[in-house]
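Next come two complexes, and both contain chain A; in the first it sits with chain B, in the second with chain C.
Now for the complex of A and B:
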């Protein structure tokens, strides 16, 4: 049998990044403040995790405006969706393999 | 990564997905409060109807057109007052629950829920005002129930799932009222059942399920 840990994605080992991906899987586009609020994080902390995810090509950043205030929204990419699903499968297999 | 960590991770994912799409701070007590308000309102309405009946008012074809209009106006104002009181009470208990949980009352999920609610209820409200304007009194009660039921089903995507069943009950009552008890006199009874009894039952059930014990969110 193949090693179940093989498909676990290193990037999702952080609970915060896993949280961001979970939110973006079920919401079309979410802005920075809503993400911060849902995950109960500080600005700097969230920003660094978001850029990691962006560099991996898992999320798209869209800079827009509401009036004169900047409104940055994030959404998941196809690659991000695929990576997340694979990670879920790997977690599932991991649990199954122990039983 | 151990098995336990995997289970924990899956658990986190599920919780975050739920929390980011559903407004879960909706309190069952909001439903109970709104239900009691509706029952009290229905009682007052019945008193007023009986009072006018005592004056000899029977139906709008009587020569008592002035009194009939007076009764309709009274009931309309009463309905408006019930709506405002019920919403205020509902808002209070949900606000209380949200602040206890440290959740925000105005976030992504509650915004979506409020917007969808306003859209459906606003449409229903205008439809009902139109019916009243054209003197289609028979459809007013059932329309209240059906539109409210549809509004609940619509917002149940964004909040606690039980709301969907409350919505189905409201629609069923509205349609039964319309098809089988098509006399204006029965409308108030169905209205009290739908807005009073159903709210208290489902609100109580939600409270029992989610709030009785210290919240495990």
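Now for the complex of A and C:
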């Protein structure tokens, strides 16, 4: 039996980072509060996972304004999309190997 | 969009625990060294994850002998099988939501 976790990406080990990437795969840009609500998280918890993903080059941050209020949005990078697709493929293969 | 990680089980967040459960789903009992080789891990790393899974009630330990040498094997419990299947289902739904 091949090592079932060989191709799994350690960055996507956390459920929260899995959730963030899933949302950003199907949305062009999502702001902090919407991510926080969808994933039912605290500010601090979400912020730390977002910076891990940013440091990995898997998402980019855009600081804009709505009126005079800051509006920070997040979107997936090409590298992030590629890495996440590979991770999902490895998960699918692992799931198949168990059925 | 529903919270994509709502039904993911925190115990299976670690790739190593994912790997252990995948192997035990398709093998009745596997000994420590075979798990260690298949998952390419150190003793300490594997041992800590196995005890987390045991404390969760998801796997059981059987201490036997081969000749005079101890042979510790691990197998999945009914609760482990059920929990892992639910986790894989949640992963599959998350993957589908991204396609």
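Just so it is clear, the second predicted complex is superposed on the first by the 94 of 99 C-alpha atoms of A that agree within 3 Å, B and C clash if a C-alpha of one lies under 4 Å from a C-alpha of the other, contacts with A are read in each partner's own complex, and residues count from 1 in each chain.
By our rule, contacts are C-beta pairs under 8 Å (C-beta built on N, C-alpha and C of every residue); 3 or more make two chains touch, one makes a residue touch a chain.
The shown structure was predicted, so the numbers you read here are calculated from the model rather than taken from an experiment.
Chemist: Based on the shared chain A superposition, would you classify chain B and chain C as clashing or fitting together?
Modeler: clash
Chemist: With both complexes superposed on chain A, which partner does A:91 reach: first (chain B), second (chain C), both or neither?
Modeler: both
Chemist: Among the partners chain B and chain C, which is in contact with a greater number of residues of chain A?
Modeler: More residues of chain A are touched by C.
Chemist: Would you check which partner chain A:38 touches, where first means chain B only, second means chain C only, and both and neither mean what they say?
Modeler: In the superposition, A:38 contacts both chain B and chain C.
Chemist: Touching A:66, do we find chain B (first), chain C (second), both, or neither?
Modeler: So A:66 meets neither chain B nor chain C here.
Chemist: Determine, under the contact definition given at the top, whether A:16 touches first (chain B), second (chain C), both, or neither.
Modeler: After superposing on A, A:16 lies in contact with chain C but is clear of chain B.
Chemist: With both complexes overlaid on chain A, does A:26 touch chain B (first), chain C (second), both or neither?
Modeler: both
Chemist: If the two structures are placed on top of each other, which part of chain B overlaps chain C: 1-9, 73-81 or 199-207?
Modeler: Of the candidate stretches of chain B, chain C runs into 1-9.
Chemist: Same chain A residues contacting chain B and chain C, which ones?
Modeler: Residues 5, 8, 13, 15, 18-19, 22-23, 25-26, 38-39, 88, 91-92, 94-95, 98 of chain A touch both chain B and chain C.
Chemist: Which of the residues in chain A come into contact with chain B in the complex?
Modeler: On the chain A side, the touching residues are 5, 8, 13, 15, 18-19, 22-23, 25-27, 30, 34, 37-39, 88, 91-92, 94-95, 98.
Chemist: Which stretch or stretches of chain B touch chain A in the complex?
Modeler: Per the touch definition, chain B meets chain A at residues 1, 3, 6-7, 9-10, 12-13, 16-17, 19-21, 104, 107-108.
Chemist: Looking at the complex, which residues from chain C come into contact with chain A?
Modeler: Touching chain A from chain C are residues 1, 3-6, 8, 10, 13-16, 18-19, 22-23, 25-26, 38-40, 84, 88, 91-92, 94-95, 97-98.
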